[in-house]
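Labels A, B and C are assigned to the chains in the order they are written; within every chain, residues are numbered from 1.
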Amino acid sequence: MSTVAAPAKSLPELGPAPLNRSRKRWTRFILPTYTIVMIVYLASPIFVMILYGFNDVPFDRQTAKFWGLTLDWWKNVFNVPGLYPAFKNSLKIAPIAAAFSTAIGTLFGLALGRYRFRGLKPVDFIIFLAIAVPEIVLGSSLLSMFVLAKVSTGYATIILSHIGFSIAFVAITVRARVQGLDRNLEDAAQDLFASPVSAFFKVTLPLIAPAILAGFLLAFVLSLDDFVITNFVAGPVLTFPLWVYGAQRIGVPPQVNVMGTLLFAAGILAAVASVLAQRRRSRA
Amino acid sequence: MTTVDEVVVEAPPPGGSAGPRRSIGARRRLVPYYLLSPGALFLLLFFLIPLGLMLYTSLESGGLLSGGFRFSWAFDNYTNVLGQYQVQFVRSIVYSIIVTIAALLLAYPMTYWIAFYGGKWKSSLLLLILVPFFVSFVIRTIQWKFILGDHGPILGPLKDIGLLPQGFRVLATPFAVVAGITYNFLPFTALPLYVALERIDKRLVEAAKDLYSSRWEAFRKVVWPLSLPGVFAAFLLTFVPATGDYVNATLLGGPGTTMIGNIIQEKFLVELDYPEAAALSVILMIVMLVLATIYARILGTEDVQRAAGAGA
Amino acid sequence: MDDDRPMIDPVAMQRALRTRLTRRSLLRNTGIGVAGFSLASLLAACGSDEGGTTGQSATPQDVFSGEPGDTLNFANWPAYMDQAKDKDGNVYHPSLRVFQQRTGIEVNYSDEINDNAEFFGKIQPLLAGGDDPGRDLIVITNGRYFTALTQNGWVYELDPSKRPNFDANAASWAKDPFYDPGNKFGMAWQSGITGIGFNTKQVNGEITKMDDLADPAKVGSSSVGMLEGDMGDWVMINLGIDPVTSGPDEWKEAAAWLKMQRESGTVRAYYGNDYLPDLQQGNLNAAMAWSGDVLYSAIWLGLDMQYVFPEGGALLWIDNMLVPAGAQNPVGAAEIMDFYYDPEIATMLTEWILYMSPVPATQELIKKDAEKNFDQGYKGYANRLQATAENEFLYPTEEFLGRTTFGFGDWTDESAEEWDAIFLPISQG
């Protein structure tokens, strides 16, 4: 949605704007270099993680020292007792939580983005709070609730908690897209005798589909990576971040690096797919 | 820019029965409530009610070793924790302020360049910034612990060639904790900034330049003020969660870096003193609510929501 | 180290361990209240008999009779179970595999216990609510949470007739410990001591006593790790105080030493139980450490680390197997508990874990294993096994054990609160 700036024509007598060269230096060298440096800095732990997945450590725990390259850990990714089940748990929980929060959040976002209703402002504020609340407050309060309600913590509580905190994110993602939609399209469909429901499914839904997909991905990632809230409500169940946090107390096995690399690669693929899907949609 | 559409209620057609049309209108008025209800239910059950129960728990007393807690209007929980943990509260706030300022300083130039000069690479660049955060922050923070280890890949060689004294260390210092939190929350800062900067009409900057302002003046007088809502949103989205963080202090910190999040976590999961832990959480929550309300009243919640939405 | 160390004299051992038993703890263990902490008042305070009495109403004989279930959920600490790689490179637990082959019970093993308090916090709501705790066997150290579990009826009383291996093979220190007379509730898994571990190349001179950990000249600055859970008791022991009989005044003495240490600048961090990677990687020069961790690093990983028994004394603790109330497969749990008192199985464990085994017969078996490996040509492995068998921390003499002490044991909510109020500010400040 960037606006294309039409270059202003300068008065011929006065020539081009005086500080052209220094602007070029900033915008062509300094700032871009800075940005690249920042991007590399942000990704540096990832590079380390990927590299150390090949670290030929003589015993089973990761060290800071790099001993040499090996593919052992890639061959035996699922060997560490407890790690694979935890990884599986994360991969089981995330899609379920993401699916539900996407469904619920999409409806929520539609409502927020398109209708004015009584209670909009308080609902807005609550969504805002749900995004900004420190995870430790939410995690501990969820645990308090489960304890008071005598609900045993485990898979169900994890999934429910994940859905709880993802809904807001999905809702605002969808809402942002819905707000940008041209209402006339749906009205046009209705003028062509489509019922509101079929207008929704045939016109609106495809238009907001990228946002729904993006919301799903966001909820998926939030669930997969969540540590703090899951730590409070997981009970006997271990997810991948929980397992890693526990393992780092006596030493992380290199397989963790390998799994992290796999997740990262999957994340990149999903992000690229999402960007391409958005590009294709906006061209349509 | 309108943010909501009005629900169109159609007038009944002349001569026709008012029945079906009015009920459509009435039904349409109810549509948002239907759409909202599952989400509202979830938020009620898994957000609002737990927070309310936290309040309830904070007024309990008793002990887990002897069987449990009982509600007893124990306001002394609050006085106890406020008196006992002032240092950690203040420290958390100070750290968070440093983190937020550092994050703003780091993120602003980057987002500015991407928003104004990114061209068709804008979303890809934004994605590049966000992609590392797909990997769980536990793993990323552990990697930092490796990178910054006393004899790790950076400090080790520097010590070997004598540039640094043997006793020098980065880990287990406040610097490491603040740096860790800043790193982890950079996306929360960058996104609102980006969204705000991206929406600024570039032609305004061009206009300023045509009026012979220097580039710096154009920035100061046009871009910066217009980006302020984004700055405030970034501040809020960074400062508030950073105050409650405890993982960085645990993994990267040492004695004297304990934050209020660590205290809450220890009280909940180690001391098992749920009432006092809940009291601390409520206090943290109130601080956040106050800040959020002030912000929402002044600037509205849109920028924050847009920012979080842009991340997807 | 000579091979002719005398085997442990059981009577003397018992005396050494039991001299600290006071009348107060005796009274407490027989159910008469001290400081308001009586079983009867507990149940009344609970307000309901949902979970609190599940373990009480059925007798141990009822609970542990019948056929075992098909699966067993075993929760334990990390690195507390023997590990090996099969020919495909998959990691597995040999002793658990043997158990499955012998009994047909499949064990779901989870090393989820990282901390007594944290685990207690997870499981207590389930136990108090009378729900299925999700685990059939758990391992808890003696101390505050062990006391809470046993005194509230949150773990099953064991059936003494179901543990022939235990009766025949257990070390006398594992039988009838002061915190669990008659092994009513638990059986020892492994024991260990808390002493000092250090990187030999990174410290100046010999580290032999607690005060060395507060001496920047010896250990450098900001390079010592302290164990939060153990440091109260440990400091008291090294100051000449017996923790079992201690009170708030003695706790304050220990806290004063800790404050002094913190001000000396030697402390890098206060750890829960995650000091080992930092110690191994050299981020720490010295630390309060557990015997097995450091011995494993020194003997089996070949790191330049040393473990010492501090001059002032060391803290002795025992990790105990318990069956939580409401467990689905208590019969299976009882079977596996006794299974690990079979000397051959216990040997498999100790060779890997390197903590003090409650089965003394393992010492000879490890030596035999060493000889066998030596004959087969695995000299390095054999030497390590031999070092394991001869290590005084795994097979302590009676005199050695006499210099160790248990920690404070008279836990109630009040004493816990006072203890926390005195010690927590040191690590939390």
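What to note about this one:
The criterion applied here is as follows: a residue touches a chain if its C-beta (ideal position, glycine included) is under 8 Å from a C-beta of that chain, and two chains touch if they have at least 3 such contacts.
The structure presented is a predicted model; accordingly, all values stated were derived computationally and were not measured.
Judged by contacting C-beta pairs, the busier of the interfaces B-C and A-C is B-C. Seen from the Cα centre of chain B, the chain whose own Cα centre is farthest off is C. Chain centres here are Cα averages; for chain A and chain B they lie 14 Å apart. Distance from the chain A centre to the chain C centre is 42 Å, each centre being the mean of its Cα atoms.
In chain A, the residues that reach two or more other chains under the touch definition are 64, 147, 248. The multi-chain contact residues of chain C, meaning those touching 2 or more other chains, are 272, 281. In chain B, 149, 151-152, 268-269 are the positions where the chain touches two or more neighbouring chains simultaneously. Those residues of chain C whose C-beta lies close enough to touch chain A in the complex are 73, 75, 78-79, 83, 85, 89-93, 109-112, 114, 122, 125-126, 129, 131-132, 134-135, 272-274, 276-277, 280-281, 293, 301. For chain B in complex with chain A, the residues that touch the partner chain are 3-7, 28-29, 31-33, 35-36, 38-40, 42-43, 45-51, 53-54, 56-57, 106-107, 109-110, 112-114, 116-117, 122-125, 127-144, 146-147, 149, 151-153, 156, 183, 186, 198, 201-203, 205-207, 209-210, 212, 214-215, 236-237, 240-241, 243-247, 251, 261, 264-265, 268-269, 274, 277-278, 281, 284-285, 288-289, 292-293, 296, 301, 304-306, 308-312. Considering their complex, residues 37, 42-43, 45-47, 52, 115, 117-118, 120-121, 124, 128, 144, 147-148, 152, 220-223, 262, 267-270, 272, 281-283, 411-413, 416-417, 420, 424-425, 427-429 of chain C touch chain B.
In the complex of the two chains, the chain A residues touching chain B come out as 1-3, 5-8, 10, 17-19, 22-23, 26-27, 31-32, 34-35, 38-39, 42-46, 48-49, 52, 62, 64-66, 103-105, 107-108, 110-117, 120, 123-138, 140-145, 147-148, 160-161, 163-165, 167-169, 171-173, 175-177, 179, 183, 196, 211, 214-215, 217-218, 221, 224-225, 227-228, 231-232, 240-241, 244-245, 248, 252, 256, 260, 263-264, 267-268, 271-272, 275, 278. If you check the complex, the residues on chain B that touch chain C are 62-68, 84-85, 87-88, 149-152, 167, 169, 171-172, 253-256, 258, 262-263, 266, 268-273.
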